[in-house]
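Order as written gives the chain letters A, B, C and D; numbering starts at 1 within each chain.
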Amino acid sequence: MNDDKTLGEHLRERGISRRGFMKFCAVTASMMAMPPSMIPAIAAALENARRPSVIWLSFQECTGCTESLTRSHAPTVESLIFDYISLDYHHTLQAAAGDHAEAAREAAMKENWGKYLLIVDGSIPAKDGGVYSTIAGVTNLQMLQEVAEGAAAIVSVGTCAAFGGLPKANPNPTGAASVSELIKGKPIINVPGCPPIPIAITGVLAQYLTMGALPELDHLGRPMAFYGQNIHDRCYRRPFYERGQFAETFDDEGARKGWCLFKLGCKGPTTYNACATAKWNDGTSFPIEAGHGCIGCSEPNFWDAGGFYNALSVPTGNTAKTILGAAAAAAAAGVVIGAVNKRNKNKAAAAHEPLTVDELNRE
Amino acid sequence: MSAPSVEKGIQFIREQIDAPVASFFSSCVHCGMCAEACLFYGQTGDPRYTPINKVEPMRRIWEREFTLWGRIKGLFGLSRKVTEKDFAEWETLVYDACSLCGRCSLVCPVGNDISGMIRKIREGFSAAGYAPEGLIGATTRAIEIGSPMGVKLPAVQAQIGHLKQDTGLEAPLDQAGAEYMVLLSSMEIMNFPEYMEAVARIMKQAGKTWTISSKAFEATNSGIQIGASDLARELVQRVVDAAEELGVKTVISPECGHAYTAIRWEGPNLIGRAYKFKVQHILEVLDEFRGQGLLKFEGKETAKMTFHDPCQLVRKGGVIKQPRTLLNLVADNFVEMTDHASMNWCCSGGGGVSANERADELKFKAFRQKKSQLDELQVDTLVTACANCRITLEEGLEEYEMDIPVVGLTEMLAEHLVEDKQEEQA
Amino acid sequence: MSSLKEIPVAVTYSPDHPLGTGNVIPILNEVRHALQRLASTGDSTAIDLASIPFGPGERDQLLQTLGDGEIQATLHALGETLIRETAYPGAWVVTHMSPQGMELTTHIEVTRTPSLLSTPQRDIEDAAEALAAYLHEQSIQESA
Amino acid sequence: MSAEALLTWARGPAFDWALGIFVLGMLLRLFEVLSLGRSPDLAEGRGSGVQGGIRTILTRSLPRASVFAREPVRIINGYVFHIGFLLVLLFYGPHIELFQSKLGLGWPALPSGVIDGLGVITLLSLLLALVLRLTSPVLRYISTVSDYVAWAVTALPILTGYLAYNHLLLPYTNLLALHLLSIELLLLVAPFTKLTHMFSFVLSRWYQGYQAGHRGIES
């Protein structure tokens, strides 16, 4: 592949017709959650896009994010992009192994210093000097710091890289941290989810590649295009919530009728993601449509946010224990206070010197 | 001399604070409804007269001394001690601007007995030396002479003599074994001698034995009004001793509101035991006689008349139906005031206000409430069953130049008794 | 568990009473406005259905309501793309599929002719050139 | 602290502490009241104190006609607030879920839109209550700082709940956290203000009613 060619030239070289290119642009626009009116602009941008180098680092992760991406519903179109980008390092996908792999990474870094895109999945163990996870003898922490230094931008794919995810869950034995906690001074895009919706990953990559710019981000560094609205607001079960119709168990009448899953612990109201619109498995469905509440996987600390099956309005503590404890304390304190009050009253009564007429009449 | 008496006042208030008082203060939400029920606030618009504000010193003592929160606030200097200044400032609120009518207690949405608390806080004010002259004088006379107006036994004996002379009716003195012992209020001895005559007639027709005690003829109890339980106890004890010595079955409280409260409700609690006799208001007795068919009435008043409910008898005493039943026996044109029975308006002179000359101006202002009720009805005669109400009403009517005669219900009934002349002659 | 149908708890709905967002009617209204605009000013509109949340059955209901019109065309490039006019002429449904036959995106286009149907300028030029080249080659062969 | 962490804290330890202090505080207040005792009424009674107590607990919820005529707005507003507050508290689905999960006892919810409207009405009635408190000479005179604190901690949960439900001003996560925190503030403050009346009104009505019942008088 010739590095000097634009994406447009590259596609035509592969025999893609102009109609095919427009189709590609239409699909890409949809993928980036951009309105169809943007298709001509996207076409112009893609025509002139230059081939970037991408390094993908995987740390404390389960490969679910990579699975999500590679098994997404539009492999062919995406493969056009991934064929075009130079994915210079990715444990799972690359053919090279061992020293060869590391050498490839270092070569790519050197060659594209300051220009390559760094994608990270998995959290980074930061405790005890990062000894809990190493690759080729290098700690994840060190590798991240080295590679991040020369990156133009970083995309944290998945909740682990974005927010620490499961490795960071209580009691967080490895001191797992997110990329943004460890790397400062670089543009970082968080694409959280466990895993993220494939289209959110490809959409961000496509946008970076085509527009060469970072998308608009929310306060947690997530692209607004995919994480701008909460699940609850776009949920097709929202009308049931409005009417106060809730499934009480997973197999009751309400569950069968598709009523709101709020009471079963759905975290839709506090979760910002595109599941309700983009959906999963070729647009088939998403968790709520399948009958299970949202677990809020694209939010920080979702694992420790009070249990998947507790309604958001329900405090997470052991309320009965709290009440009993407080009542016991009250009983103990009450005995003391009662005794003090009684003593004060008895003292007052004992000290009572009857009021006399003489006293009344003194001046 | 003043500092220790304030201490005594605070200590007396402390003694009065019990679970009900604590619950009342815990419940108060400062909604201000009690003000809307209050005669004195209603006629002056002065927010200091809001009933719950009248017991503010008591609330502060309760909070400081009987709540954890108050103690914590005290540690940080966030709560003020009740001082001499407070006693001075609240004295008029506690005595002049409250007739203990109890209307506020009935409207309080959380059920606070505010008027009951004002009765209690007066214990501290009298002990601290912050009580009105008039009430101190009345109480002193009651203890030392036997009657707040200074009436002595010879005056009663003279009245008994006049009665015998004028009507031939007997009023037995110190007759052991009589069924009823009749108490009189000094007002009745001095201003309304008709009452004794009425009782004598009624008892005669009903065929009941009765007596007046030379040791305890006085029904009123200034100790209750000034809020000095130690003195009120002594006054109640005199009546109890006399009644038990004479062995009567029932003591009859006269047409006097607070006397009924004193002897009927507070008495046993003051002396610390139940009585060996019953206590009834004269209207209760009359209604009982009527029910038993012992009394026959003739002729009916045609004048338009209404009944002024004495607070202590009606709202706080529960004698509500009896006066109405009895009144209807002898009146053709009996009408009710808009707010009557349990929600009546006080005459403005109850709770010691009428004995407190300092409060006269305020009392007359407050009377405008009764005036407006009467203006609305346009009656010819005002009937009541409390000598204190009666004198307050008469004074108020005079002040506002209204010409409505005020009569006692017992006397009016006595006038309509069927006289058996022959029997009398025989 | 071998198939979805064996899961005992299923959300029950019928195509006549789809569950959910109530987005069908608003989108039909949007199409109506777009048609009016097209008629008066000639401006085209496109709606990406992927950006709109639907409840079960709602999308089907929308497409069923729009129905089928006179034209159906298939584009063969990067997989098939189905272009069909709806029962409301001027409103088109364009469905892009992958070479494996999976749906990628569906647009409702309100336009006189979907742009994919008209031949791109450069293709025409290329076609002219290609044809010229072909004829030229033929003439060489003939002369040879 | 991020909104997500704040929400987790508000739903977890913060709620436990607030509830614990609420229970402890309220029970202490109860002990404080009861420990003072009361002497029995030795006067010969005319009726049942118990009946009187129960009767007053029930009937004191209704206004006296003559006072109602003087202050209809204040009294009606009082009803609007209390009924509105209780309906929102007890009949909003997510609230019921809380009771159900903690008490094991649930009941049907009102439509959320109705609750939304009730929230507005309740909030307006609280505003009116504040205006009345500030404009009525009596209320202004007897009001203390504590009254305004009690007003504020009562209004906040309704306000934040309304904002959260309607996704106004802030993201829902922040608002839900604030809503929970405002409730926790209410729980913390309640035992130390007049808000104790939520329980003690039963006692005070009982005491007056008991005495009245015993004496056979109205209350």
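Remarks
Keep in mind that, in the parts below, a residue touches a chain if its C-beta (ideal position, glycine included) is under 8 Å from a C-beta of that chain, and two chains touch if they have at least 3 such contacts.
All values derive from a computational prediction rather than experimental measurement.
Of the two chain pairs considered here, A-D and A-B, the higher C-beta contact count falls to A-D. With centres computed from CA atoms alone, D is the chain lying nearest the middle of all the protein shown.
On a Cα centroid basis, the chain most remote from subunit B in this structure is C. Rounded to whole angstrom, the centroid-to-centroid distance between subunit A and subunit D, based on C-alpha atoms, equals 39 Å. Subunit A and subunit B have Cα centroids separated by 77 Å.
The distance from the centre of subunit B to the centre of subunit D, each centre being the mean of the chain's C-alpha atoms, comes to 38 Å. With centres taken as mean Cα positions, subunit C sits 95 Å from subunit B. Residue positions of subunit D with contacts to 2 or more other chains are 28, 32, 34-37.
Within subunit A, residues 333, 337, 341, 345 each touch two or more of the remaining chains. Annotation for subunit B: residues touching 2 or more other chains are 17, 66, 68.
By the document's touch criterion, interfaces exist between A-B, A-C, A-D, B-D. Only residues 8-13, 19-22, 46-48, 50-56, 58, 75, 77-79, 81, 96, 98-100, 102-105, 107, 109, 115-116, 120, 122-123 of subunit C touch subunit A when the two sit together in their complex.
Against subunit B, the residues of subunit D that register as touching in their complex are 28-29, 32-39, 41-44, 46, 56-57, 60-61, 63-67, 70-71, 74-75, 78, 136-144, 147, 191-192, 194, 196-197, 200-201, 203-209, 211, 215-219.
Those residues of subunit B that touch subunit A in the shared complex are 1, 5, 8, 11-12, 14-15, 17, 65-66, 68, 126-127, 129, 131, 136, 139-140, 143-144, 226, 228, 230-231. Residues of subunit A that touch subunit C in their complex: 16-20, 22-24, 26-27, 29-30, 33, 35-37, 39, 73-77, 234-239, 250-251, 255-258, 276-278, 282-283, 289, 291.
Subunit B makes touch with subunit D in their complex at residues 17-24, 26-33, 35-37, 41, 45, 47-48, 50, 52-53, 66-69, 105-113, 116, 264-269, 272-275, 278-279, 315-318, 320, 338-339, 342-343.
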